[in-house]
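Each of the next two complexes has chain A plus one other chain: chain B in the first, chain C in the second.
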Partner chain A sequence: MTVDILLQAFALVFRWDVILIIIASGLFGMFVGAMPGLTATMATALLIPVTFFMDPVPALGAIVTATAMAIFAGDIPAAMLRMPGTPASAAYTDESYLMGRKGQLDLNLGTNLVTSVLGGLIGVAILVLAAPALAEFALAFSSFEYFWLAALGLTCAVFLATNDPLKGFASLFLGLGLGTIGIDPAAGFPRFTFGTVELMQGVSFIPAMIGMFAISELLRGVTSMQGSGEVVLQQVGNVFKGVGGVLRRYWVNFLRGSGIGVVIGALPGAGADIAAWVSYAVSKRFSKEPQKFGTGHVEGIVDAGAANNSAIAAAWIPALVFGIPGDSITAIVIGVLYMKGMNPGPTVFLQNPQLIYAVFMIFVLANLLMLPLGWAIIKSAKQVLRVPKNILLPMILIFCVVGSYAMTNSVYGIIIMLVLGIFAFMLEENGFPIAPVILGLVLGEMFEQNFITSMIKSDGSFLAFFARPIAGILGVATIAIWLIMLWRMGPWSKARPAAV
Partner chain B sequence: MRFNDLVSGAILIVVAVIVIILTLRFPEFPGQNYGPAVFPRLLAGLLILCGLVMVIRGFTAWRAGEPLAVVPSWARDPANIVSALLVILAALAYIFLLDTVGFVPLTLVVLLVLFLWFKVRVPVAVVTALVAAFGINWFFASMMRVPLPRGLMDWIL
Partner chain C sequence: MTDFTRRHLMVTAAGVGLASQLAAPAIAQTFPVRPITLVVPWGAGGGTDATARIVGSLMEKEFGQPVNVVNRTGGSGVVGHSAIATGAADGYTIGMITVEITMMHWQGLTQLNPDSYTPLALMNEDPPGVQVSASSPYKDLKALADAIKANPGRLKASGTGQGGIWHLALVGWLGAMGLPASAVPWVPSNGAAPAMQDLAAGGIDIVTCSVPEAKAMLDAGRAKSLAIMAAARNPQFADVPTLKEAIGVDYTVGAWRGIAAPKNLPAPIAERYTSVLKKINESKEFRDFMAARGFGVKWADAAGFAKFMADGNASMGVAMKAAGLARSA
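And now, the complex of A and B:
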């Protein structure tokens, strides 16, 4: 039975067209990740229109590969230009850059590459082991468990993604509110559609993502283009020299970083960037020589370089098992899963196990492919980083427009993209985080449906929400986090949650 | 514009009140206590709560001397504002003109305007715009079967 499924998955992955797509999207991810200002989430959003007409396995494979590569490639400009390629490298940008200044650029890039590959593989291993087991467990879940799971996920998104819980919650409620547009899940009544047919099926998901991640980034990019002068890049030598020694010395750091990455990745709402910040801070806290941190010391880079890549794979655990995204990338992935008819949830492991295992295989492949591709991109970094922004940004705008149009086959997609792009830009300008908006929009319908179903089942009694054991535990955990946040918001506490 | 929390909070409250007013027209279903209005009203209530706390917080900050709105540093350079407006105008152009003008001609114009504003050299701008417009059209319209409008292309080619 299982061997049969693995063989089916193998046949789905090892086809020349799938492999070609994986390599192409790997190169694409490397490029996007290495360009400062273009994020891994943006890479995913821009990939969706292209993957729209592919089969599920190559489509998901393209996303998996591009994001894994992008998170590593973000380390390159961090070390060379002191500009993180993606936010996931921001935690140790200064450290990397200082290493380069000390003449250790090769060692830094090599360590980043190898810890990224190995950390990614650990993340995949946990994903492969944990997801099917969790799925079996989740088959018994009712609307009460799903309600609390979604509530816990949304709460974590606010808790982890911002140092201002108030604005985080406001973002979340705005996102959930956007999710209520369209036919309501309980009674089939069209809400807030103002008579337009297009809005009946809700705010189109992918154009919304392209707007919130790509257009808002684009607006930020074009308004900061002035003053980015010529940069002198250093020559890169043999990047693998000395990496073995670093790993032997700091293997505990590597395992700890990967572990932190897996946990934070699997928690809904927080992804690679927060994993890197946390693991870097933990590394400094428990280091034998914390005074060396911030002077170009490799130790914290081992932790954080492994953490952000292990988080990428772990974020797929809640996305596949519960349909709750682990980070903003898997939020988009959930949209893709629905488009491909693989509705995320425990049943997908029963109905389409070969597809799930094919995705797992691609994860392993992508991480192995990162070694040669990463080496190639490091070697060609001088050329890649010289691609002029003033040509790149207008081109990205065109891709956003075409992508949004392709999702709805009408300018309606472009309208959604523009409106939500400006909305997200304004929110971020005023200190409201975007991740909770996305999560609210993705989870809104499921959250409301489970809430209303539970309310009808329990006839309005809130006690029933805690009556089943797992629902009770999840509920208490959620409420505990609410209380912690309330406590921290109070005037008696000066301590803010870790600034990220 | 970067607003004081007093302003942001007030905007949140206004939005939430509008949502509640809109839900008043939602139908009630006899025998069903939890209809389409329940969840939006709950969210609006929570938003009002957030908005109120922000208003109080912003008011204290305002009394302590924080201005109601600040112009962020990027917006002090008029060129940056033009850049942002050009991006928005370009998207608007696609919304209103795509169906009549067609993808390729519109993309040529949009790319040329943006390239030249961002000081790309003229020959590079022209060649890149031509290659990009036809290339993207070929990839999406022919390969991906996205029905990108042909518009003016029909009587040019």
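And now, the complex of A and C:
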């Protein structure tokens, strides 16, 4: 990386229009995150039609800023209403609410805000350091290595994102099945197209994801339309009072939470919500006073509040370097990268380094901006939480329709969105997780294509998958994970996998 | 169902075309009165997209109406080409068609062929280069050709999907050297960029794609171009010899891009387009843009473009049958 590239990136970011977009999308992200039922993934999906008309840097900057804000803002209704604003706050919603009941609402929100900002910055630091180095390393990856990476990603989808491996497998295979529609990646032969031209393009990612995350959430919102808008809120005072003391006391928790967030964020299929659950559980396990957890104790909130924000940036590492999404947000981001001609992969760091570094700068900016914007949204939470759902939900539906249409330039995108939205709603209502469907859809083609091209290269020899040193290590690791999983699932295993 | 719809559309289009030909002079004088849609069958950020966007922006100046570039991707180009062919033949839907239109129907992917359009102008043609990794033992094309002859089937090549233009280029080059297609097995990829990365990673041995597509890896010093399959060198890459200069094999091929409209476009509008496109093709902006990207400029008017496509279509049929890529109907 040269100074020249950094200067170019600087010039791309520090323009009044880009800064305005960042601030606007920050406010948007705060609002979406604070509304119970609207998630950070949905914030990304709703930004799609708008980013369609932007240059690459502001488009990605809008997504980066909105998602970082949304993950923090989800903590606000958790503490005030006992309703997590996004799933990433669900792990410590009860704890936050009980703190509020004990009269510690200010301290709770202040701790959430500061740990979110600092955790987010740690995630960004790891992203900036790790991604280019990993990309340099990944330039030596061929189809053999990518095959194993895709296999690892699919493995994570089942075992990390769900408590019930059987339902996880069912969802994954549904996703893989959907991914086979269209022209097959190796032989160029159309599959499951029923003679229609539209189906030859396959199930388009972004309309599919808008459907599965936004439409299914809207349907759920409609079924619980009553009972919102009636909230009793406490007055918020100085949120920053006492936060310094909490951080001094629990700095180990903060670092541990950020670390767990980075690792889980970077793993395919698991994002901020899983990071929060795991770091909260770890915090309780290693706490000196575990009996205080669940009574309105701040310790676990330090861990989990940092973890969910550090996971956001870390999820971009595999997305940028390998085109493998680290979470559902980056699954959409990959689609946007393709749309903007910044095809993910190690070569994106060779071809467009200034764009990548501009995005990194926006990551830092967004996390710094979180402090004033977060403070503002806490102060105005009373008004924000009173927005009636019967106005909000139809507006979201309009955005979903426009976004899906913009992606395919045809009604086909809208049909995909609606069909998969209803499908995802039914799946989730019956306890089947959605994340494995997405990973199956996104990674299915990568998995199949790299398998077939590897077989062509090796003239049909399976041993070639272990012949290159990195491929060999990845392959042995993947198979070892499978064996461990099988062992733990077997009837001889006494302890079922812990439900985190 | 689809067939019925398409036939129905074509009949309607023919009817509209006939009716509009009666009122032709009036249309040509006022055309265009509203924005034009320029359909691109390939993704944003690629070479076809870049070419279409520069043509579109220059067209905007000429016509004084907005030209919206719309990417209709997927299906190996079938989706976008189909969107152009089935659009209304009123001049407000045109598209950039590519060499694949002379290939896809031989593979049985679609029934669309060059006759499904009103050709307007040929704008560009790029020959493929023969790229190897920077660490490859083959320092020139002769060494590479000798290695292929000595060990048929050992070296692997990539550059695009199965049956794509760069696959055909490889097969054609091997054929010109008197070798069968199986001498260098093809590894399908999602395009030139992933193939070039795999080349640098050592997964494959040869990439036949156009030199501009290989530029990032060439500039990064991770790959080198041994020859191009053209009649003359590319001024942007003047040190890369032609096939004939390198090993005395006279074989040329290229991926081309041109502007076309749905079939039965009224003749006055078609003529208007061709004259505007000729002006664009000769403009400094267009030439400078194409030279900067390393893209080749080519020109043919409507009749020339039709003949160019018909010739290409016939020779592609022969080549694809020889390579076993054509689907026996």
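Assume the second predicted complex is superposed on the first by the 492 of 500 C-alpha atoms of A that agree within 3 Å, B and C clash if a C-alpha of one lies under 4 Å from a C-alpha of the other, contacts with A are read in each partner's own complex, and residues count from 1 in each chain.
Following the convention adopted for this analysis, a contact is a pair of C-beta atoms (placed from the backbone, for glycine too) under 8 Å apart; a residue touches a chain by one contact, two chains touch by 3 or more.
Predicted model, so just to flag it, every value in this text is computed and none were measured.
K.L.:
Could you classify chain B and chain C on chain A, in the superposed arrangement, as clash or fit?
P.N.:
Verdict on chain A: chain B and chain C fit.
K.L.:
Applying the document's definition of touch, where does A:456 land relative to chain B and chain C: first, second, both, or neither?
P.N.:
both
K.L.:
Give the label of whichever partner, chain B or chain C, reaches more residues of chain A.
P.N.:
Counting contacted residues of chain A, the larger count belongs to B.
K.L.:
Is A:390 touching anything from chain B or chain C once the two structures are fitted on A? First, second, both or neither.
P.N.:
So A:390 only meets chain B here.
K.L.:
Could you look at A:481 and tell me whether it touches chain B, chain C, both or neither (first, second, both, neither)?
P.N.:
neither
K.L.:
Once chain A of both complexes is superposed, is A:187 in touch with chain B (first), chain C (second), both, or neither?
P.N.:
both
K.L.:
Once the two structures are placed together by chain A, how many degrees is the angle at chain A between chain B and chain C, based on Cα centres and rounded to a multiple of 10?
P.N.:
70
K.L.:
After lining up the shared chain so the two structures overlap, which partner does A:409 touch, if you call chain B first and chain C second: first, second, both or neither?
P.N.:
Once the two structures are laid over each other on A, A:409 reaches both partners.
K.L.:
If you stack the two complexes on chain A, which partner ends up touching A:139: first (chain B), second (chain C), both, or neither?
P.N.:
second
K.L.:
In the overlaid three-chain picture, which partner chain does A:422 touch, first (chain B) or second (chain C), both, or neither?
P.N.:
In the superposition, A:422 touches chain B alone.
K.L.:
Tell me which partner A:173 touches in the superposition: chain B (first), chain C (second), both or neither.
P.N.:
first
K.L.:
Between chain B and chain C, what minimal C-alpha to C-alpha distance in angstrom results from the superposition?
P.N.:
Distance of closest C-alpha approach: 8 Å.
K.L.:
In the superposed arrangement, what residues of chain A touch both chain B and chain C?
P.N.:
Residues common to the chain A contacts of chain C and of chain B are 186-187, 409, 452, 456, listed in rising order.
K.L.:
Spell out the residues on chain B that touch chain A in their complex, using ranges where they run on.
P.N.:
Those in contact with chain A are residues 1-3, 8, 12, 19, 22-23, 26-27, 29, 32-36, 38-40, 43-44, 46-47, 50-51, 53-54, 57, 72, 74-75, 77, 79-81, 83-84, 86-88, 90-92, 94-95, 98-99, 103, 107, 110-111, 114-115, 118-120, 124, 128, 132, 136, 140, 144-148.
K.L.:
Taking the touch rule as given, give the residues of chain C at its contact with chain A in the complex, in rising order.
P.N.:
1-2, 43-46, 49, 70-76, 78-79, 82-83, 107, 109-110, 153, 156, 158, 161-164, 185-190, 193-194, 196-198, 200-204, 216-217, 220, 222
K.L.:
In their shared complex, at which residues does chain A touch chain B?
P.N.:
Those residues of chain A that touch chain B are 49-50, 52-53, 166-167, 169-170, 173-174, 176-177, 180, 184, 186-187, 189, 191-192, 215, 218-219, 222-226, 388, 390-391, 393-395, 397-399, 401-402, 405-406, 409, 411, 414-415, 417-418, 421-422, 429-430, 432, 448, 451-452, 455-456, 460.
K.L.:
Considering the complex alone, what residue numbers of chain A touch chain C?
P.N.:
139-145, 182-183, 185-188, 190, 195-198, 200-202, 204, 338-343, 345-347, 350-351, 408-410, 449, 452-453, 456-457, 459
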